[in-house]
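One chain, chain A, appears in both complexes that follow, with chain B as partner in the first and chain C in the second.
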Partner chain A sequence: MSTSEHGLVFENRKSYLNSVYPLVKLAWVFVVAIGLFIYRSPISGAVMFLTILLVAMIAGKIPFQQILGSGKIIFGLGLLLMFFHFFVDPGNVVFKLGPLHITDNGLLQGPIFFFRLSVVVLASFILIWTTDTRDLMVSLTKAGVPYRGAFAVFLAMRFLPLIQKEVDAVKAAHSIRGKPTNSKFGHRFKLWRRYIFTILINGLRKAETTATSLECRAFGCFPTRTYVKDVHYKPLDLILLLVTILISGGLIVAERVL
Partner chain B sequence: MVIESSEPFIKIKNVFYTHWNQETPTLKDLSLEIQPNTINVLVGPGGSGKSTLCSLFNGEIPHLLGGKLEGTVFVGGQNTNDLAVKNISQLVGHMLQDPESMFATLYVEDEIAFGPENLLIDAQEIKTSVNSLLELIQLQPQRNNLVWNLSGGQIQKLGLAVILAMHPKMVVLDEPTANLDPSATRSVHELILELRNQGMTILLVTRELDDFILSAADQLLVLDEGKIIANGNVQQVLKEFGSEMLTRLGIWLPETVEIGIALRDRFKVNLDRIPITVQETLHVLNQENLLRINLKLEQERSANRTLLPLSNPLISARNLEFTYNNGFKALNDVSFDIFPGEMLAIVGRNGAGKSTLAKLMVGLLKPQIGNLSLFDKPAAKWKVESLSEKIALVFQNPEHQFLTDTAFDEIAYSLLSRGVDDPNEVRKQVEDWMTRLDLLDFQKIHPFALSAGKKRRLGVATMLVCNPVVLLVDEPTYGQDKEMTQNLMALMESIRKLGVTVVMITHDMRLVQEYASRVLVMADGKILYEGEPSNLFCSEELLESANLRPTLLQELLKQYEDEGGCVCCSISTTDDFLNALEYSLASEDQYVN
Partner chain C sequence: MKKGEKKGWNFNYTTRDIVIIAVIAAITGVVNTGVGNLWYLLNTSLGPLGGALLQGAFMWAYILAMWLIRKPGAALIVGIIEAATEILLGNAAGIGTLGWGLFQGLGVEAVMAISGYSKFGLLTAVMAGAASSQFGTVWTSIFYGWDPSTAKDVWLAIPINLVSGAVLSGLLGYWLSKAIAKTGLIRSAG
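Coming up: the complex of A and B.
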């Protein structure tokens, strides 16, 4: 089984987003995130959510199934966060559910937080899906980041799908061990604790081996290094950034004018 | 080949090394020399210090791993203490047991270029070097593949290319063929020979000493408890220490060598050299007038093996297909049955679909097309937890299965999850299994802190304690030395005799030959053969299409018959062969007419 069937892996689909200079995409994620923290209305968040979804599917050629598959945990967490705000935010009570009170402010803030979380994570996923992490490292180096630091970002992103693969393997292995307690929650908690332990231990071992291997392959010996493959910025890459700034700016203005 | 003493490339003298977190030294008063342009094979039992020794050559010790090093290590005439790691890496490259963990980039060609890029070598020069290395390891078509999409054999070859890219004069290969199918193993060994022919010095650490690599080796080194107890010319070491390697140290030697040593020790044959290849063995047999014999056994060991049961199958698959989300078709029109009380081996090349089949059988995957019946119920209707009461899977990486903080609790967990909650009963059963698998002294140890072999045995114990109807083991003897392998397989055989069906997924054709009552051969998601192991070994075409090779014993028996001998009984081990030889020699009609 290859890892590429897992969600968070770069794939060159020969899309517009694949060709955009990595630093521009990184800047784009920041622009999207900043906009979301300025919006006051959930409608702006929803518009941006749809925009990012369309960007992923059209400009990135990423299948909707993949977006849903990788994002379901985050979207689920976003929904939990939304419901949490419904009940805990102070404001005028508009609905009562036993001892729980839903407030008008909660109904407004809940979706805002849902979209903040979902859109920022989705934009980050798009960056991962469409960017060869090696190219991101090279472009960061070109922007003046010391290559050892840039490589740390690269390694972190490189290990993501491997960690996901490890989680799947551990989950599968644990599921056939059965459970000795009737407490479903207690068992699940124990399993999660063990997933984290196993992945942490194996992660540390891998990190140690990789670090040794890097040293043995002369990584960091010189202040610079050769790059066999180079990446180049093109003015066309800026379209993504400019269109997003226009939409985000438009939404901020519209919130204040309308 | 007798090594003439020129200036050695490696000279280690009186080395003691203690790991930073240990009190006693792992390497003790160790001295050795390695000549340039030679293949050197290092063997030794598990835990003898082989991997630690490997770390001496490229400066990982003392520069990266810390610890206390006494004595001197000279590489290319220079003391490793006085050299920086980056300089040693251009003298000695070290390929780790798991080369995948060495990789730092995403793509095959990027991985090879990574080291030279760090050395500020010109980009054009690196491109030329990458091309020639890809050609050498025969991975040109995969140059743009993601490194984690390579097969096991390809990963090993890429690992080799990664260190060769640094243009070292010597390479240290730590178990490069562990878990590879027999053809991939041979292909890695051929690559090693090619490198030696190109002027490289090689140190190969391996458990899989086959006739090919042993014939090609210039020096054999035997490590035991941190000391080199034998080294020198292969013949010299085999003659002087061969018996000890087989018995006390439990080292796997080629079956031909086992036979050769037995001919000398048991049949009192005067040998100038221990035969390594099949041809050499036949030559010795011919010289001793042992070639044209009717080989018979007084009592056939194989007759004790289970006959194929005629009862209803426990597991039955018809036209099964399975495709992963990325479009990879792992199973294609697969049909088979598994019967009660048999020992079935599933063999085939890396990526043939064996693990997918195992996951379908334990319910971790659901069939997409075709029918899979598990214990008279469609697989789709089983829940993983309920199914685990009937069929147990021992994963290739046992750590993935561990859930508790001590080896004792790990086995107890299995009992508790099956509803056995009487503390006395739990203790009794856990201790019983720990004793049977030689784990009793480690009951308080964290499962992750056990050695690879003990982890494997603990993984098996956690499954066997549940009394499954079917035990499915992925690479049962991976990481085990010879003695432990025999113990583990004897245990499997004993539970099989009690009625448990044992299914083993393996690359070890010696296990198949010795223990399996039936074998399922897979390639490219299809079943190529289903039947008795002896018939499998007769078909060269079938073996080739599944990336398998006959065992040396099977090759020997085939050629024995070609030379006029008669194999009139079922022979599945070297002991069978030697017993047959002894029994037949004592009988009246010993010679073929």
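Coming up: the complex of A and C.
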């Protein structure tokens, strides 16, 4: 599975969100997520959902079709979660459907969890669509994360497309040897077990080679390192974070006062 | 870990350790994103009991990484990087996935810390898998709103979680580390 299958790839659309410092965007996703965990009303979740949607379309220049395409599974799972809460959460029964009871508390909690899931995921997608992973790693290093640690994350991202190619190659090799991939579930499970082991072995072999290459280039020798492409923080980037904190804080206060 | 290196609480990660962590995290990220879609379906439609059946299937790589690298924090780091990879691949929990990486990684680390990072037998692997599975469920309860004070399924799911984690992660991770050791690729995995 590649990132492009989900439309989850970074694209520089020359938007405001593209220009925001990566660490600020990461903090923004966390602020959005924390707010969703504090809200007690589905109205707050709905307001934040619309806000994030508008931020994506206006500040990020992300087409609505792309958001819908990438988010359909998440919105579907959110709906399932909402229905589960309708029937499971304790409270006064307001509707009976055979042996199943819908409670008043379930009707309140269901949408809260739908919006929690949908908004957190949508905000994460916006981060991915508008941020180059390399820039995010550089900004993390500048924030004090040891560059060897940040490099591990970057390396994992770098290995992703290689692993996908590896999966395809192993699949093809097995097919040539008469092991079809469109067989029964049990057989497919066995096949995947073989694929994973082969990919692990090939991956670890690559890891050994990569580690040797890195050490030959004195990786880890110095306390700091330089980057070909640097990223710079601008005070204007904080607008996104501050506006979101104001909206989220306002919603939390409004829930308790009104 | 090479022969002669300090055992137990040794935080001295080599470049090779870092690259192995990155590779395992990337592979697991791809696998877990696929398994995750099935888990989300079970968890959101059947609740904690449904999720518990597959909960243990996500941490085999944490055990594998710990058994290959044998240093404190290896499982936690793999957990966090693997979760970050899943986010990029379109995991249906978005940045919430990091919570599972953190909690599940801490589960393995807790068991290994009790063993002083010096016991790498089958029993330790099974216990680490079980603990990791249950630690992950704590985040699931927070994220999906399963309230243990009212939802009895959360309590009923505990034994299923433990067995699922012990078998699907503990045993599998241990078996993989042994199988990799037989290939002679990683010297410390024996």
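The working rule: the second predicted complex is superposed on the first by the 182 of 258 C-alpha atoms of A that agree within 3 Å, B and C clash if a C-alpha of one lies under 4 Å from a C-alpha of the other, contacts with A are read in each partner's own complex, and residues count from 1 in each chain.
Here, a residue touches a chain if its C-beta (ideal position, glycine included) is under 8 Å from a C-beta of that chain, and two chains touch if they have at least 3 such contacts.
Just so you know, these numbers come straight off a predicted model, no measurement behind them.
Touch criterion met: A:Glu215 reaches chain B and chain C at once.
When the shared chain is aligned, chain C comes close enough to touch A:Leu127, but chain B does not.
In the superposed pair of complexes, A:Leu155 makes contact with chain B and with chain C alike. By the document's definition of touching, of the two partners only chain C reaches A:Val29; chain B does not. Using the contact criterion defined above for the overlaid structures, shared-chain residue A:Ile199 touches chain C, although it does not reach chain B.
In the overlay built on the shared chain, the residue A:Pro99 is in contact with neither chain B nor chain C.
In the superposed model, A:Gly144 lies in contact with neither chain B nor chain C. Comparing the two interfaces of chain A, the one with chain B and the one with chain C have residues 1, 3, 5, 133, 155, 201, 205-206, 210, 214-215, 219-220 in common. Within the complex, the chain C residues that touch chain A are 13-16, 18-27, 29-31, 33-34, 37, 40-41, 44-45, 47, 64, 77, 81-82, 84-85, 87-90, 92-96, 142-145, 150-151, 153, 176, 179-180, 183, 185-186. Against chain A, in their complex, chain B makes its touches with residues 58-60, 63-65, 84-86, 89-90, 93-94, 96, 98, 101-107, 110, 113-123, 126-127, 130, 146, 148-149, 162, 166, 324-326, 328, 330, 355-356, 359, 362-364, 384-385, 387-389, 392-393, 395, 397, 399-403, 413-414, 416-418, 421, 448, 462, 466.
Interface residues of chain A facing chain C in the complex, by the touch rule stated above, are 1, 3, 5-6, 8, 29-30, 33, 37, 70, 73-74, 77, 80-81, 84-85, 88-90, 109, 112-113, 116-117, 120-125, 127-128, 133, 148-149, 151-153, 155-157, 159-160, 163-164, 167, 196-197, 199-201, 203-208, 210-211, 214-215, 219-220. Of all the residues in chain A, the ones that touch chain B in their complex are 1-5, 9-10, 132-134, 155, 158, 161-162, 165, 169-170, 172-180, 190-191, 194, 198, 201-202, 205-206, 209-210, 212-222, 224-229.
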